[in-house]
Each structure stands twice: as C-alpha cells, then as structure tokens.
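These are the structures, in structure tokens.
Shared between the two complexes below is subunit A, which has subunit B as its partner in the first and subunit C in the second.
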Partner chain A sequence: MSIYTMGIDVGSTASKCVILKDGKHIIAKSLVSVGTGTSGPSRAIAEVLENADMVREEMDFVLATGYGRNSLEGLADMQMSELSCHAKGASFLFPNVRTVIDIGGQDVKVIEIENGMMKNFVMNDKCAAGTGRFLDVMARVLEVRVEDLGMLGDESTKEVGISSTCTVFAESEVISQLAVGTDKRDIINGIHKSVAARVVGLCHRVGVRDQVVMTGGVAQNHGIVKALASQLQHEIHTSPLTQYNGALGAALFAFQKANK
Partner chain B sequence: MAKEVSPGVLALRKVVDDVYADARKAKAEGKLVGWSSSKFPCELAEAFDLNVMYPENQAAGIAAQRDGEIMCQAAEDLGFDNDICGYARISLAYAAGKRASRKIDFETGEFVIDPNSGKPLKDENGNIVIDEATGKPKKDPKTMKPYIVLDDIHEIEALPEGREKELRLNAIQPYKQMRIPQPDFVLCCNNICNCMTKWYENIARMCNIPLIMIDVPYNNTVEVNDDYVTYIRAQFDNAIKDLEKLTGKKFDEKKFEEACKHANRTAQNWLKVCDYLQYKPAPMSGFDLFNHMADVVTARGKSAAADAFELLEKDLDKNIKEGTSTLPFPEQYRVMFEGIPCWPKLPNLFKPLKKNGVNVTAVVYAPAFGFVYNNYDEMVKAYCKAPNSVCIEQGVDWREGICRDNKVDGVLVHYNRSCKPWSGYMAEMQRRFTRDLGIPCAGFDGDQADPRNFNEAQYETRVQGLVEAMEANKK
Partner chain C sequence: MSIERIVKELSAVAANPKGQLKAYKEAGKKCIGVMPYYAPEELVYAAGMVPFGMWGSNRKTISQAKEYCATFYCTIAQLDLEMLLDGTMDLLDGVITPSICDTLRPMTQNIRVAMSEKLPVIFLAHPQFRRPAFGLEFCRAQYTHVKTELEKIRGCEIKDEEIAGAIKVYNKSRAARRDFVKLASEHCDVIDPIMRSAVLKAAWFMRKDEYTAKLEELNALLRAMPVCNWKGVKIVTSGIVVDNPTLLKVLKDNHVAIAADDVAHESRAFRVDASEEGDPMMALCQQFADQDFDVLLYDEESEKNRRGEFVANLVKESGAQGLVLFMQQFCDPEEMEYPYLKKALDAAGIPFIKLGVDQQMRDFGQAATAIQAFADVLAMQ
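Moving on to the complex of A and B:
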C-alpha cells in the first residue's frame, strides 16, 4: 500500500503545502499568499487535499515547518525547523547540493549540506535588509509588482548603487533616486545587487561549496539569482518548485517518520 | 511546585545579599560606598575595608526583574544613545537618580494594579478558572502587579518630610538592585571593555565624585608582555595612592594579602564548580553559572564566597554520586552558550532549550573569571585577561578548551546588541569553532538588558535548527 505524507510550510508571508506519495512523487501542491496568523495555513491545507482528491485522514504523517509551524499543533503530527526542511527539499531536487541559500519573507538562511543532511547554517540578524520583505517594500515604492522586478531589472543599462545596510535607508535612497529621475529599471538592478551583497556576506560565513541551490520565493526573481551568482562567482541552481521547497522537505521528513 | 534549593546555592545567594545589605548599612552609618566595574582589582578595595557595589551585577538584576526597559529609556531621555550597552544605560539612569517605582494612588496610599499583569487563576485540580461575567480566564490576584513608573530619588529627597515623601520612597521597587546607595567614588578598570571608561567618567561627573581608573590595554598577544605589566602595575600603585587619599588611611598590606588569598580560593573553587559540567550527563544546569557569577563579581575577595562555592561543590558531588541533576529535564544535547544571557527574557531563553533537551554545559565565564595568581605581577597579568581584552586566538582557545572538556555538541551564540566588543568578533569565532571542532553553531540576536532587541520566534527557529544540525551531526 502506498504511503501519503503532507508537508506544510507556514511562512511569514505565504502558506504552502505538498502531498507526497511514497516519499517520491509530488501528487499535489498548494500555495496561499498569506502566512502565519491568517486563514492561509488552513486554506492551503484544504486546497492541497482537494487537489489530491484526498482527506486529512488518508495522510500517514503530516509535518509542519516555517515561522508559523507551532501554530499548527494538533493539525500536524510534528514540527521541524525550516532549516532542515529546506536542506531536505533541496537535496531531493538536486542530489549534489552542498550549499542552500533561502531568501524567505523575513529571513535569509544559508545552509551547509553534507550527505543530504544539514551540517551547519547561518541566518540573518534581525534586520530585514536582504529579505523578501525588503523587496516588497522596494516594489511598493517603485509602484511595480514584486513578480516583475526580475524582468524589469534585466532591462537596466546603467549602474545605480543602493545601500545594503538598512531597509529604511534603502527606501529613502530609492525615493531620492526616483526624485532625480533615475530609470526605475536601473534602480531595480541596484536593489538586486544590494540584496545579493547582503546575502553574500552570510554565504561566506558558512563557506560556499558547489552545487549551490537557491530556494524560496525570491529565487523566482532571476535578477537576484544573477547578481548573487556573479558576486559569489558560483553557478546557482534553482527549481521551478522553489517556492514549495520547504513544504517538500517537510513532506519528505514526514515520509521518514511514517516509515519508522 | 517550589523547587528545592541546595545549601550551596542558598549560601551563594546569601553572600550576594550580604554584600548589598552591608553597603546599605555602611551608607547609613555615614561611611563611603563606591561603585566598581566587575573586574577592577577588588583586592585593593578590600585592603581599605571599602564597601563596593557592582553596577554590572546591579544592571543584570534590574533587567532580570523586567525593569531594564524603563531604565534604558530613562537613560535615553537623558541623552544617552540607545546603541550604548544596556548595563551602562541602566546604571547611568540609576546614577542620575532615576528609579523604577510602583504607581501610587495618593488618595488611598495604595499601589495601582495593572489589570494586564498576573497569571491565570487555577483551581485545586490545576485547571484555569473562567470568569463567568467576561468568559475570560480569571487572574490570580497574588500574581498581579502594580504599574511601574519612573521616579527620581533626588526629587523625593528634596520633598519635606511627610506622607508624599514616605509613600514615594516606599514605592521604589523593593528588590535590592533598585535600592543600592548612590556612590561616593567609582573604581573603573577597562579590562572589561572601553565603554566602561566613558560610563564611569559620566557617573563621576554626574555625581561629582572621584574616579579611580586603571587602564588595561587590549592584548594583541596570547602572553602578556612585560611592558604591559610595568605600565599596569604603575597604575595599581597609583590607585593605591588615590585610595589612601580618599579614605585617609594607609594601605594595609596584611588585609591586601588576605583579600588575595580569598580571591584565589574563590577562583579555584569557581573553577572546580564549573568543571562539574564535564560530567555527562551534567549534575546541574549550566545556566545556573550565570547566576553564580554574581558571587564571583561582587564577592570574590571575601572568604564567604570561597566557602559558598565549596558548599556548592559538595552539592554537586552528591548529585554525581546519586545520579541526579538540577537540570529540570533529561539532558539530550550539550551546548556552549556564548555571551551574556538576555536577562529580561530568561524564561523565553530557557523554554526551547528545555523543550529540546538542551543543557548548557559550557560558558566562557568559567576560564575568564577563574584566574589564580601567586604574586603581584601575576595578579597584574591576571587582570589583563578579561573576555574582551584578550586577542581572538586566546578567546578561541579558551572557548574551544571548554567545548572539548565539557563535550559539547554545538554552540549557541548570543549576538548581544548591547555588547559590541563581545558580539563583534563572534562571527569569526563561530567559523573557527565549526572548523576546529566540527560542531554546528547557531547565532541569535538579543540583548542582555533591553528586551526590545530580542525576538522569541527568531530565537526558537535558530535553537530548533541547531538541535536538528546536532542530531544530523551525531549520525
């Protein structure tokens, strides 16, 4: 008989679920763009079950991860940190991965992986510069959609420097650049470089080994991926499933637990 | 359920209580009371029979009593930047006369209770009692506390004798750290850090009192070289002259030697106590060492402190023989906790450690305060070695030594926003720990005294991540 497991990743800005069959096949996924403290997690769970045409009782094990993981006590069988889950998910998608960079809604993590397991990690300090939230703030000031940042930055033709130290300072820098008529696309490119610079500092603290994989929603912004790759001088791999990586890792751990 | 406290711990608490009580008594009798940095050579003050209070210890206590924020804010209102060490801010506010005080209703003379304070009331079966009128849990009146407001001791003292003065004096928070005497002189040694220098200069200026300063330069080398010793020794001699002037007494060599003897014995016993953390599982929660540091700071030159540590040693020995521990949960993982704890958030700090079976079995305070010396020059050298005055090689060596001896599985690093010197080099140290010891390290942001700099959810994720990495590392 097959084993079905669910991974739930309750982030600060989105809730994601993955259902896995036999620890190998993703049979359903869901994503709701609000995170912990909202209806997001329960909606995401309902949606993923509907997509799989299954009910909660058919799940052999449910594991929650992410910032809001502890709010799911009762709903999930177990909680694990998003660090281990991102390591697990990335190792599934890229078996040779040694370094995982995850830029989430309000934190950045760099994870060192050995034999598919998390060996060590560093995370950002409490400052939000360099996180997904930073990009949200910038997109709002620039009046563009956050999803479009990557594409717009690609069209940049001129170097514009944006401070990498503080969201508030960077925001006012962007506003003053706009005030003097700088092209938005150049500003966006500058923002990408500034985020990358922040993350590179963290990467060097754990040490960068190939393969480098970037996960999390921000990995969909290829402007950031490109800036990061060039500053790190390493190739960076991403997957179309990047946003589900944490939930995938959780479902994989759930499979291990169900098998015990 | 009240925890049973061992004789050693009780003795250690009493030693510190006595230091505070003695200082209050001395002040009342018109004697001089000083404030001293934690690693100023206490042997000198002891030689002059001086009563001394320790602002770092005081500030830690105030922070642990949850009055750190109101005191830090008071210092900020006086113009001190919120980037300055939280201990310094608390101490400077206190020196300026600011006090955390319980709010009074002057009509009734009673304290005004904060309706949001307190814990839920439980019935005899331990179930939470619900208030039928509101549908919300009832509060246990015994745990409800008055609002805390800021008052000013100088203002109170200027009042005419009478009811208001009495009420306001009485309303000042009753715990010992909020009731220390104002200083008549300050003793500063910047082996702790350089923030100390300006902090004590400010107190001296604010209170218009003498400052006795010993400057210990940063050590670029592991060994303390002879030039340093000559330079610092001259300052010791100078401090003695200053103290003679201050007290009108001659330096008492005999008393000095006595104090040295006690300080050595305290250090030795402190080290022995710390060494009990080498046992696996450990007979105590290493977090307790942070509390016992109070004795090392405030009383290391007194025989009572040395005796109390000896008692604690006996308790620990008994624990080992009986296979018990003061750790309130089974020890599954052992970590070094790097840095000062977040005092206002101690329960929050402890909760995820408890949940995951993590015991703190190493803290750098063990080697950093366990210094033993045989003569004057060695004593000078010993005072050169404080956590923030030694070079990174020495700092790493101390820590890796206790990590190995105390068999830790990982390191939890507090990036303490208050303490720039201590946090600044941590990223590099962390890298070396992983490289040299092959163990995972996790860092979190916080603050020793200012609760505004700590985020519980961030902390929990990092602890859980560390636990998962330690688990993976064991396999």
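Moving on to the complex of A and C:
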C-alpha cells in the first residue's frame, strides 16, 4: 500500500505544498502567492489536495516548514525548520549537492550539505538586504514586475554600481539614478550584482563546495543566478521546482516519519 | 520552600525591577543604579544601599534617548538612558556610569548632561592596563572617587570593615551563582532556559545577602535530585545580555538546554572573587585586574587568541555540543572580536551560530528558524 505525505512551506511571501507518493514521486503541487498570516496556507493545502484528487485524511503524515510553520496547528502533524527542509529537498533533486543557497522572501540561507544532511549553515541578519523583499522594493521603485527583472537585466549595456546593500539606502540610490536618466535595465543589472555581493559574503562564511544549488523564489531570476555564479566562480544549479524545494523537503521528512 | 516557589519568586523580581525598587525605597533603603560593566557594587552594599543593575529593558521603546544617540547605538545603553529620562528610575539616589567600552564612554557624558541636576551621576573609568602597579593605582583612585561620591549620598564615611564585610557577602553570592549555573545544567529538565535566566537576572535587583539565601536554598534542592538524563541538546550561550523570555522560549521549545554561558550579564559578572584578606579597597582593584577572557577587557597577549580558546574550552568542558552567539546589534567590541572567536571555535571543531539581537526586537521568527535548524544539526551529530 502506498504512503502519501504532504509538505507545506509557509513562507513570508508565498505558500507552497507538495504531495509525495512513497517518498519518491511528486503527484501534486500548489503555490499561492501570499504567505503566513493570510489565507495562503489553507488555500495552498486545498489546491494541492484538489490537484491530487485526495483529501487530508488520506495523507499519512503532513509536515509544515517555513516562516509560518507554527501557524498550522491542527493541519500539520509536525513542523521543522526550513533550513533542514531545503537541505533535504535539494539533496533529493541534486544528489551531489554540497552547498545550498536559498534566497527567500525575507532571508538568505547558505547551507553546507554532507551525505545528504545539513552540516552547517548561516543566515543573514534581520535586515532585508539581499532578500526577495529587497527585489520587490526595487521592482516597485523601477515600475517593473519582479518576474521581469532577470530578462530586463540581460539587456543592460552599461555598468551601474549600486553600492549600498541596505534596502532603504539602496532605494534612494536607485531613485537618484532614475533622476539622472540612467537606463532601468542598467540599474537592474547593478541591483543583481549588489544582491550577489551580499550573498557571496555569506557563502564564504560557510565555504563553497560543488555542487552549488540555488533554491527559493529568487532562483527564478536568472540575473541573480548569473551574477552569483560569476562572483562565486562556481557553476550554480537550479531546478524548475526551485520554489517548491522547501515543501518537497518537508514531504520527504514526512515520509520518513510516516515510515517509522 | 519548593523549587517552583523559589524560581517563581526570583522570576517575579526579574520581571518587575521597578516594583522591587519601589519596595526597597518604601523600606527606607537608598538605591544606586549600576550600569555595565564591572562597577564595584561592594562599595554600594558596604554603604548600606541597594545596588540596582541597569542592563536595558526588553519592554521599553527608545524614544527620548534618541535625542542624545545616533541610530546605530547599542540598545542596552540607549534604554538605560531612556529609563533615566522617562522617570522609570526616578527613585534612584544616584547612578554609577562605568566607561569600559566605546559606547558607554560617551554615554556617561550624555547621562551626566541629562541627569546631573536630578541625581548624582558617578563617573567610573577602569584602567586599560589593569594589572601593572600603575593600573592598580589608577583603579584605586577611581574606586576612591566612587566611594567618596557614595559617602556624600550616605551622609557619612564607608569604613574599611564595612567594605570587607561586603566582599564576603559578594564572594558568597558569586559562589552560589557559579554553583547554580552547574546545577541548572545538571537539572535542565527542571530549570529551563527561561527560569535559568530569571534566577540569575534577579541578582541585579536584590540585596545580595537576601538573594544568596534564596539561591542557596534552591541549589540545595537541586543538588538533592538525581542528575537528569537529557535527551535534547546542550549549548553554551555567549553575548552581552540573553534575557528575553520570548527568545529563551525558542530554546526551550526546541529542547535546547544551556550547559554554561559566556554572557556578560550572567557568568562573566561572577567568575572572579575578591580577596578577603588585607586592604579591602585594593582587594576590589585586584579583583578587576584578575578579570580575564572578556571581549571588553584589554588583553596584553591578544595575538594568542586566549579568549577564543577559553570559550572553546568552556563548550567542551561543560558538555555542550555547540555555542550560540547572541551578538548585540551595533556592539563594536563583539563585532570586532567575532573573526577571532570563529577561528578558535572552527579550530576546536565546535559548531556554532551567530544571531544578531537587540533589546528592541519583538519578533524572533528568524532566530527561531536558526535555533531550530541548529538543534537539528547538533542532534544529527
């Protein structure tokens, strides 16, 4: 008889769910673009169950992770930190992974993996510099969609330095650049390099070993991935499932629990 | 009295310093605010007054102090000034302002300017070179200044035998707190991180003889119990102040116990005793000279990274599996020391994490994630 497990990643800006069959096969996933403290988590759960054509009672184990992991009392059987879950998810998708860089909505994590397990990690301080929130703020100032940043940055033809990594100061720096008529695409490229520089500092605290895998929503911005790879001088791997990585890890841990 | 009862009483003191201050004043005692670090509290006690520790606040919001401080300023120092400005500490009869770090040094002058018409502000400069004879003499001159100012508040001289008596009371109290730290680790199933912090914090708001009597009773009850078989993980905490119950609850919830600490507000304040023989003023100066392994103190052999090794050994000897560094935001000494501490911990193979904290933090979501993940890492090892 098959074992079905659900992983729920309640982030600060999005809620993601994955249902796994026998700890191997992803049979359904869902993503709602609002996170903790909103209707996002319950909508994501309803959606993933609908996609799998299943009900909650058919789940053998449900494990929550992410910033809002403690808010799912009654819905999840257990909660775990997203660092453990990202390590687990990345090891499933990339069996040779040694370094995971996860840039989420409000924090950045760099995880060292050994034999598929988290060995060490660092997180950013509480400031939003270098996070998905930083990019949201910049996109708003530049009047572009955050999902278009990667494409627009590719079209840059001129180096523009965004020196500050503080979100507030960087915002005023970007406004100053706009005021003197600097091309938005060059500013965006500068922003990507600025974020990468911040994250590279964190990476070196843990040490960077191949394979390097980037997870989290920001991994969809290839401008950031490119800038990071260039500054780290390591190839960076991403997956189309990057945003689901935490939920996938949670579902894998849930399978271990259900199997005990 | 039961363990629960004593812990509850001391926790009530730790949670309500203002109530404690009011009670002492109503009992006719004079109270002296004592800011960090290493002020000779014994002199206050010898004068028959109550030393009242001032280590910021987890509840207040900085408002009036901003008039005096830059944004990037240690919140402990800012909150001390805030509590003086907003009337929280109006019942004090004076305040001792040590100047051992670059933040506290200008803060002593802010407090002097802001408060000196309201209450006596007693400046204290510890010697940078605390061990040579000239350092000891400088320290004696400074401590004599503190003593003279306290005598003005008291209205009469503080005699040597009173200081010698205070040293005995304080040595006894320090020994009891060192015992408690060990017992709290051995009985971490009973004394969780929130209780441990509250018991140690209460010492800053009580006459030490009263406090020590309660603590010794608690220690005796703990000692009589079998050492617990802890299934969770154990850590050493490091930093300036680690007393926020919400933050400490994260440790508790993740089955993380504290085996020992390298915290200025806790063990660093009671590691070293003063001699009970000879000239008591010089004994207090020598006690300061004997302080060591503190990020705030000048180390004549700094190239050896002795403090880093000391902290690494503390982790090993206490039976902890790792260390959590609670780094105060904008604390220059801690930030500058960090690479050396990291080097020593890495060399000793000790897992650790660094969490940025300050006393204005109300949300610990990110810290909770890091602590839970760290507990996972330690458990897997």
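By definition in this document, the second predicted complex is superposed on the first by the 259 of 260 C-alpha atoms of A that agree within 3 Å, B and C clash if a C-alpha of one lies under 4 Å from a C-alpha of the other, contacts with A are read in each partner's own complex, and residues count from 1 in each chain.
In the analysis below, a contact is a pair of C-beta atoms (placed from the backbone, for glycine too) under 8 Å apart; a residue touches a chain by one contact, two chains touch by 3 or more.
This one's a predicted model, so the numbers in the text were calculated from it and none came from an experiment.
Superposition of the two structures on subunit A shows subunit C clashing with subunit B. In the superposition on chain A, contact of A:I224 is made with neither subunit B nor subunit C. Within the superposed three-chain model, A:L93 lies out of touch with both subunit B and subunit C [touch as defined at top].
By the touch criterion defined above, A:E82 reaches both subunit B and subunit C.
Looking at the shared chain after the overlay, A:V160 reaches neither subunit B nor subunit C.
Comparing which residues of subunit A touch subunit B with which touch subunit C, the overlap comprises 67, 80-84, 107, 117-123, 125-126. The residues of subunit A lying in touch with subunit C in their complex are 67, 80-84, 106-107, 117-123, 125-126. Contact residues of subunit C toward subunit A in the complex are 329, 351, 353-354, 356, 361, 365-366, 369-370, 372-374, 376-377, 380.
On the side of subunit A, the complex with subunit B involves touching residues 67, 70, 79-84, 107, 117-123, 125-126, 205. Per the touch definition, subunit B reaches subunit A in the complex via residues 415, 427, 430-431, 434, 440-443, 445, 453, 455, 457-458, 460-462, 464-465, 468-469, 472-473, 475.
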